[in-house]
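Each of the next two complexes has chain A plus one other chain: chain B in the first, chain C in the second.
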Partner chain A sequence: MQALLSFENAPPFAAPLRFFLTAPLFAVLAGLLVAVEGPAVFASRWMPAALAATHLVTIGFMLQIMLGALIQILPVVAGANLGRPLLVARIVHAGLSGGALLLAGGFLFGRPLLLSAAALLLALTALIFLGTTLRALIGVPSTSPTIRGLKLALLGLAGVVGLGALMALGLAHGWALPLAALTDLHAGWGLGAWAGVLLAALAYVVVPMFQLTPGYPARPSWWFPVAMLALLLLWSAAVLADWPVLVRLVQWLAALAGIVFAGLTLRLQGQRRRARPDATYAYWQFGLIASILALFMLSTATVWPAAADLAGWTLSFGILMIAGGFMSFMIGMLYKIVPFLAWMHLQNSGQARVPAPNMNRILADLAMQRQMKAHAAACGLLLLGAVWPDWFARPAGLAFAFASGWLGWNLLGAVRRYRWHAADIAAKLAAR
Partner chain B sequence: MTTIRTFMTDDHRHCDDLFAEAEQAIAKQNLPAAQAAFAHFRNAVLAHFACEEKTLFPTFEAKTGMRMGPTQVMRMEHEQMRALLADAVDALARGNSDDYLGLADTLLIMMQQHNMKEENILYPMCDQHLAAETPELLAHLESELTEA
Partner chain C sequence: MSHPKTPHVVDARYMEPPEPFVKTMEMLDTLQAGEKMLLLLYREPHPLYKVLKQNGHSYETELLPDGTFEILISR
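Moving on to the complex of A and B:
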């Protein structure tokens, strides 16, 4: 409620921006790692460099953007005002950046000390973030599927970070853990209960609003987050009890739920009333198709486990789901959020006396559309790399680094124009 | 039963429909149709702002005593949207569709995040505090919107 009371309570631009500007650098790093290490990265999902690159993307890119965006939107979407957002942003940003680098280093060089430090730093960072957001969300009633989804997604965050920290410490100290089963479970918590539920909760709001589509049907929207979380709890129980058949059944159901959500979103976007296919829309379409393919692979492997042993199968799933799906959704949303926030802050600093330039002047659609093509091409090369690593691993890494660098360049350009206009507005106000 | 939330939310959706019509017209390069459709949209939005500022917000403020609270922020956002509407009309009059599209994009997001705050926070507060006055208030709001 507080957030509504005054603009001063809205988080300053610097709070989310630090996450959005550093995230592309981690994706560049992941791409360069693949380019340097070459075909060996794609030998299996357990290769140290593959684990390092995966976490540079999931923590350094995805988690950065998700937490940065939450700091910005919790006040608007849920009326939950974080106390001292800039301080929280600084701490969480430093923790995530340091944690992602330590973890990637720990995997790559096989150093137990780095793995332990990463586990502790990331767990502490997640605890600080969860503590702050839970305090803000206490007393906020779940009046919409989005608010309930956000709350449940935070449980998913606790699950994925908790399991991840446990495994990193286990690796560092040589604990006897069932690492293969736990890794799948960790990925399930991360991609399903955390990123998937968060995506759905936000999609309920942003898809109808910004594409002017019909709304998501109410009942499935309420149930999707609950179902996903329940499935992950069941999956965890199945791993504890060592029931592989139940694990596969749960994976199949989770894949099905994801396909239904993505298919529904595709259908809604098909009914959109906006005349122009902008970069955000194109990114979402690409992301939805990639995720549906990934989830079909997942469901296939649950009924036909031998599929997972095919060359490049699991890596292809990861590439489609993470680079093709989640990264695309996030970049698509960033391309709306960053120019809008720039406009809003300029508007406020102009005090209605000096007009702010519109969003397209901050970040032009053409620049975003071109970068999107580079990202799509990089995803295609990564898939080829998973199947024919000798030929495609290095070009794929370079292409991914290039597309991510381009994203960073676009965002940086928006911020440079923002700063220029902010100085211009201040000068004009002073001259009055 | 119609609540303030459902009634006002329906009017938001009505404004969205008119926005979409204007955008379709500009996509078809039909400038006169776009100007007409945008004028239609603008009138609907201004009527919505007016009935909030003249009737709904003052009633809420009188009942709750919250004068510098959420309604004040909503009024400021109305001002920002009025400026965007005026700029967009300007861009259309100049036949500058690039500028128009940029302004329309900005306006749409501004409008949607504003609507979200009203629909999820302010209108439920109105329903809670103004339960006794609701039937009379709704009649008022309805006549103001149809007159405009």
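Moving on to the complex of A and C:
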């Protein structure tokens, strides 16, 4: 862990923490929205409430955690030092939180003004983040697959936000855009070139480190990010040229690349030397299996397009990929990062004279394992909701809100115990 | 454990942090002038690089096909 989040280069705890503590609130909001709107949310992916809930999760939850974590770990996984990390964190956090709410409101209430404001705010926030990180990374040579992956993932971020902003403005102003094709492309840039490549780049470091597994073999690690970016560029060209056969071929290849990455990660986890499986391991296993299922659905739909017209097919893909896959990977990592950061800052404040408490005292494994079961149950109910919305939509929304609230509660508890120990250490030092 | 590049090797590939860092610093202390040591890890240790630079050590890193980073550090 120390290698991931070093003492010296670490930004203040407040920099990443604001992202990690607000992210669960957006997921709670998404769940409550599903519970309130009920079966109508699951009628199709184009329902305003479905679009709103999706973006509360992808921007409010996922993007928050991804950018917050990057601000924390870029110095350590890439040796790239961000200038003024706390200021960047404050601006990016405010932009993302405001942008996610505006966008969800814009979809839900069909207000062009809200959609335009969301598009501009989110684009500006992404530009600020990209400008800061590119400046930090520009002099850093790509000496590892992780560094190359991080650089390419930032291109993916530019792609997904650029396309998203274009579509939101297009919707607001009634521009004639091929929205269906662009939406798939936007999702491809977001889940493949951005989230997928970022996940792989970080997995190369954290999977061997967290689980004591063998390393990822070098050659595929170098190629996966490049292949994903190339596929997304090809997919974009195919949309511009209006060539649907090429779009399907690219989707099939992207799904295959994702399955190979997930399968390889499962194999590495099977060879781990850590005896006791912890919450992070369980979350990753669940996430890997869910994403492999989602990617099989995607590849099936590329060779048999009628599948996508089956009731609940596309929604099930999204639920498996986003709630089952990416959210699980992220929560699993948060459960390592937050207790570690708390421990590290306590260790520093003890000045080697007062020891920091054990990490398990800051966030107990049992609390994380139980919350994980709630998240898994919520994913199951959401899938049932996609197929039988009349029966399961509202319970699924409530279960998702409950599991996400529990995550927030666990993280908040860790911060509360951190503050208690920090005060305790300060008092002990003063008494010496 | 020995290696063609040097007899002084820390194989930290299945060690939990901060053990790789601690073991490397310990071995560096035992080296004579002109000697080199090798650290094996499944990641690039950027925080260690920073400390090595600050202490005037030079290092070369090679990524092997199995994902091992071989970091050859000069005393």
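Everything that follows uses one rule, which is that the second predicted complex is superposed on the first by the 423 of 432 C-alpha atoms of A that agree within 3 Å, B and C clash if a C-alpha of one lies under 4 Å from a C-alpha of the other, contacts with A are read in each partner's own complex, and residues count from 1 in each chain.
In the analysis below, a residue touches a chain if its C-beta (ideal position, glycine included) is under 8 Å from a C-beta of that chain, and two chains touch if they have at least 3 such contacts.
Since the model is a prediction, treat every value here as computed from it, not as a measurement.
Look at A:Val76: by the touch rule set out above, it reaches both chain B and chain C.
In the overlay built on the shared chain, the residue A:Ser144 is in contact with chain B and with chain C. By the document's definition of touching, of the two partners only chain B reaches A:Ala275; chain C does not. Using the contact criterion defined above for the overlaid structures, shared-chain residue A:Val245 touches neither chain B nor chain C, since it reaches no partner.
In the superposed model, A:Tyr204 lies in contact with chain C only, and not with chain B.
When the two complexes are overlaid on their common chain A, residue A:Lys336 makes contact with chain B while staying clear of chain C.
After overlaying the two complexes on the shared chain, residue contacts for A:Arg219 are found with chain C alone; chain B is out of touch.
In the superposed model, A:Met359 makes contact with chain B only, not with chain C.
Residues 1, 4, 6-7, 76-77, 79, 143-144, 205, 209, 212, 273 of chain A contact both chain B in one complex and chain C in the other.
Chain C contributes residues 13-14, 16-18, 20-21, 42-50, 61, 63-69 to its touches with chain A in the complex. On the chain B side of its complex with chain A, the touching residues are 16-17, 19-20, 23-24, 26-28, 68-70, 73, 76, 79-80, 83-84, 87, 98-99, 101-103, 105-106, 108-110, 112-113, 116-117, 120-122, 124. Against chain B, the residues of chain A that register as touching in their complex are 1, 4-7, 76-77, 79, 143-144, 205, 209-210, 212, 273-276, 278, 336, 340, 343-344, 347, 352, 355, 358-361. Those residues of chain A whose C-beta lies close enough to touch chain C in the complex are 1-4, 6-9, 75-79, 143-144, 146-147, 204-205, 208-209, 212, 214-219, 221, 273.
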